[in-house]
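In the part that follows, the structures are each spelled out as structure tokens.
Here come two complexes built around subunit A, the first alongside subunit B, the second alongside subunit C.
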Partner chain A sequence: MKSYLKLVNFEIGRFMKIYLVLIGLTILSQLIGVIILSKSYVANANEAIYEYLVPFGQFIEEYGRMSMMSVVDSIWFMGPIALCAAAFLFYIFFIWYRDWVGKNTFIYRLFMLPTARLNVLLSKATTIFLLVLGLVAMQLILLPIGSMLMKWNVPLDFRTDMTIREIINNSHYLFILIPDSFIQFLINYGLGFMAVFVLFTAILFERSFRWKGVLLGIVYCLIASAIFLAPLIYEFGIQASFFYPVELLIIEIILGILVIAISIWLSKFLLNKKVTV
Partner chain B sequence: MIEVKELKKKFGRKQILNGVSFTANKGEITCLIGINGVGKTTILKGIMNLTPMNSGQIFIDGKNLSKDTYEKITFIPDAITMIPTMTIAQAMQFMQDYYKSWNQSRATELLSFFRLKQEDKISSLSKGNTAKVNLLLGLALDVDYLLMDEPFSGIDIFSREQIANVFTSHLVEDRGVIITTHEINDIEHLIDKVVLLDNGIVLKEFSTEEMREDEGKSVVDVMREVYQG
Partner chain C sequence: MRYWKSITIIIIVILTFGVFYIQAAIAGNYNPEFAITTTSGDETVLKNLALLSNYQVDDLIISTEGSKYKEDSSYIDLIVGNYTNPKIKQLQGDHRSFMRGKRDISGLYENEGLLAYAEVNFELHRGEASDFSFDIETLDKESGKKTAFTIDVPEKKIFNYVYIEDVRVVDDVMKVTTSNSVKDDKYRTGQIHIYHFNLTDQKLVKDEIIEAEQEGMDGQLDLVRLLNDYEELGGEKYLAFELEYVEDIDLADENLHHDYYPEYKGSELVVYNLETNEQEEIELPDELQQAMKRIDNTFGNIYVHNSKLHFIEMTDTSMEIMVYNLESGETDSKHSIEIPNADTVMQMGSPIYKIRDDKLYVVNSVISRDMQSSIIAVDLATGDKLSEGSLEVQGKEKDKEIYNLHVYDLVIE
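Coming up: the complex of A and B.
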């Protein structure tokens, strides 16, 4: 346990520079986005009302009121989130391959540590999970700050104020990141966690059997997806309303846990018996 | 004692090891000799469970390798096993964090023995100094067995001398060492036992002292006989 925690701390430290850059970019982009979009809206309103003498009511009818929705759906807001998502997707692979590829032989050291090799895998997965949660937490802090910035820049009559929950619920991608119930949160992040473990297993297949491993990894990903999606395919593709919604939820949770357990078990086997440095 | 029994390993269709067996005792330096590609490094990796074997058995003091064995045995590969962006001090701290067998006073002694500065980044070191850091990280562990893969490969003569001096010092004394090397001349006088490998098998396993005393032959003489005879 102690080694696992040390490894988590170590892995987080290794990603910290890139992580801080991602955080910095997100803060800058989202807050600058709020200011630019707010100012541009106010400039438009000023131009329409003072230069073209468009009545206030007509302006609102034509352009609508400014709200955080205009901001969160813009590239300023979505761009850094997409960038972070892409960075983490890349990092799922990079977190392993950087220790193997080229002249770097750090994987020798990791595998020669006097601790279960599974701890190496679990620490890498935990690192990804914790850092993703960190970004989500930061998003929760940035939303009210952005909202406040908009209020400073756009007069009351020209804006629609929304609570943070309303903003999230009205945005598809933010709703996935920050769902409104704990169960939904567990499902969304459980799915993500499951995907990380499945991909880690596929990577270890490749690291164990090289080219044959690539194929085995792909096959494993397909099998894991098939196991997890089987009830959904049946429900939505073959026989609608076969399961009660709550039944489907329970089955999916069980299958998700099963896929994670199989992935960890297979990874442990590969790490101890098959992987080659 | 490290016991290697009937190790077999295939890479693709190529049989690298075809039933390799030998033993290496504590307090002795055992040298694995063979041309490139003969499987010397693979044997060391196999002992450390860093690459799976197709068959065979490895025992360390009569037991199979487990996670705790890594406190008793260490492997010093021919490339450094630390992150290049770390300083030597950070690398030592990493070792201290994870290994109970890490001996900081020995590490400090080795630092001055090799004339290394702990604030230096590993990536900025010369090849010779990188090899010394690699050796330091292995030797500063209070382990019973040391496996070294080509410690003299591609480094300057002065670094070679320094590294060779390690073998005559208390830093290696009483430990069991398995070493692979091409530069047999540098350490011929230090080796206790030789395992000559070719075509995936052990051609000859002998004690250097007995060979010298009984047959009056040096390691190089026996190598000529076995490989060229």
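Coming up: the complex of A and C.
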């Protein structure tokens, strides 16, 4: 247990610099975005009302009120989120391959540690998971700050104030990251966790058998998806709607746990018996 | 502290999400809570009503107990996407295995001893349906014995689609009413078929089309409509069809504007007796003939209930109900019920009507905050108003601005 915690802390430390850069970029881009969009809206309103003498009512009718929705759907907001998502997708692979590059391959030292090799995998998965949640938590903190900045910049009559939940539920994508209900939250991130374990297994296939392993890895991903999606393919494929929704939910939870278990078991086998350093 | 980086991240994550989800649980929905309250009359009548409605962008169900927003429902409810009809829910509870995959209430039939289901199966190829067949299943409630068989739709090649409107079983013969669209029909009127299946032999014994002689009716048949309540699964002796006629225009005429809609000319009523298998054109008394014409242009409707046709019509001040008895061929009764602010109600769209157990329920489709008696229940036998109800905003949202509520269906449990 202790060595696992040590490894987690170590992995987090290794990614800290890039992580802080991602956080910094997100904060800057989103907050600057709020200010720029608010100011340009107000400037636009001023021009229309004072220079072109458009009545207030007509202006609102044409341009709508300013709200966090126009901020959240802008590139200022979505850009850094997409960047972070891409970075983590990349890091799922890089967290392994960085240990193999360089002169003294670091993985050699990791494997020589007096602890189960599986702990290396578990610590890497935990790291990815924790850091992703950390980013989403930061997003959750940034939303009220952004809201407040908009309130300072746009007069009351020109804006629609929304609560954090309203912003999230009305946006096209935020509700996936931060779902309304806690159960949905567990399901969404459980799915993500499962995907990480499947990809890790595929990576270990490649590390074990090199080129042949790439093929094995891809095949494994397909099999894992097929197992997990089997009931849904059956349901929607032949439009049978054989299962009741509750049954479907329970089956999917069991299959998800099954896929995670198979992935961990296979990874353990590969780490102990097949991986080449 | 050696682990400070990890510990900081863990604390931030737990605190942020913890606060967010706990707050969400405490605060509940940001939308107002509605409830049906009886303003006058019998309080028990409105107890079993549920309004399927829409507030702003959210779906909710309102009853006398209060309201339930879709977000509040469990994740399991959300996957199904739709609200399940209470009748289907009850059948799923009683006959869990038989009801698997049966979600279309139009295809269901039920009496004391039998539960039956018909479904149309087809192949989809490049967006075109073909190869239609009927899947028919029955369940003997007493013995639990199930039967199932499949029969091709006769002349299946000439149809674009076959859609089930109604299913009945009389003396071991299943009568499946379908609305079929014919491929080469330039008017796209469609045909209403009634297919008869012998459940013992598992054979198709008859295929008939609902038609009218079109006497004294100029114009082109535009639409055939089944007037029976889709939620009524068995017991009714008659199926009633309204055949709507519109002016006959040449669709190929290039001078016509592309979205020109031909003018409504009039309707005919055809009644199908499920016991004798006879279809009959109904000669309505003049008064009802006039009412039917008005109903087609205003917010009213015609319903079949207990072998009677109910003509319901809204005027500026009242609701007119005329009952035509299909057995005797005479007008049974006429009632006029005073509706406060009927004119403003009418401006907001057609009310929703439902008849159940000789009671007529009327609900406005758009309900504003101050609207009184937006829900009315009437005794069809006497024409008396049984109770009136309105929507009440509950809880802390009381003083907030309340937008209009849109009701899209009324369910009687």
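Following the convention adopted for this analysis, the second predicted complex is superposed on the first by the 274 of 277 C-alpha atoms of A that agree within 3 Å, B and C clash if a C-alpha of one lies under 4 Å from a C-alpha of the other, contacts with A are read in each partner's own complex, and residues count from 1 in each chain.
The rule is short, and it goes like this: contacts are C-beta pairs under 8 Å (C-beta built on N, C-alpha and C of every residue); 3 or more make two chains touch, one makes a residue touch a chain.
Predicted model only: the values in this text are computed from it and were never measured.
Undergrad: Give one of first, second, both or neither to describe whether A:106 is in contact with subunit B, with subunit C, with both, or with none.
TA: A:106 contacts subunit B only, not subunit C.
Undergrad: Hey, is it subunit B or subunit C that touches more of subunit A?
TA: Comparing subunit B with subunit C, the partner touching more subunit A residues is C.
Undergrad: Scan A:8 for contacts with subunit B and subunit C and give back first, second, both or neither.
TA: Second partner only, subunit C.
Undergrad: Thinking of the overlay built on chain A, is A:178 touched by subunit B (first), by subunit C (second), by both, or by neither?
TA: Second partner only.
Undergrad: Both subunit B and subunit C touch subunit A; at which residues?
TA: Dual-contact residues (subunit A): none.
Undergrad: Can you check the complex and tell me which residues of subunit A touch subunit C?
TA: 5, 8-9, 12-13, 16, 130-131, 133-134, 137-138, 140-141, 163-166, 169-170, 178, 180-185, 187, 240-246, 248-249
Undergrad: Using the touch definition from the top, list the residues of subunit B that touch subunit A in their complex.
TA: 45, 48-52, 67-71, 74-75, 77, 79-84, 94, 97-100
Undergrad: Which part of subunit C faces subunit A closely enough to touch in the complex?
TA: Residues 2-3, 5-6, 9-10, 12-13, 16-17, 20-21, 24-25, 30, 57, 71, 74-80, 92, 96, 100-101, 103.
Undergrad: In the complex of these two chains, what residues of subunit A are touching subunit B?
TA: For this pair, the touching residues of subunit A are 3, 6, 10, 14, 103-106, 108-109, 111-117, 208, 272-277.
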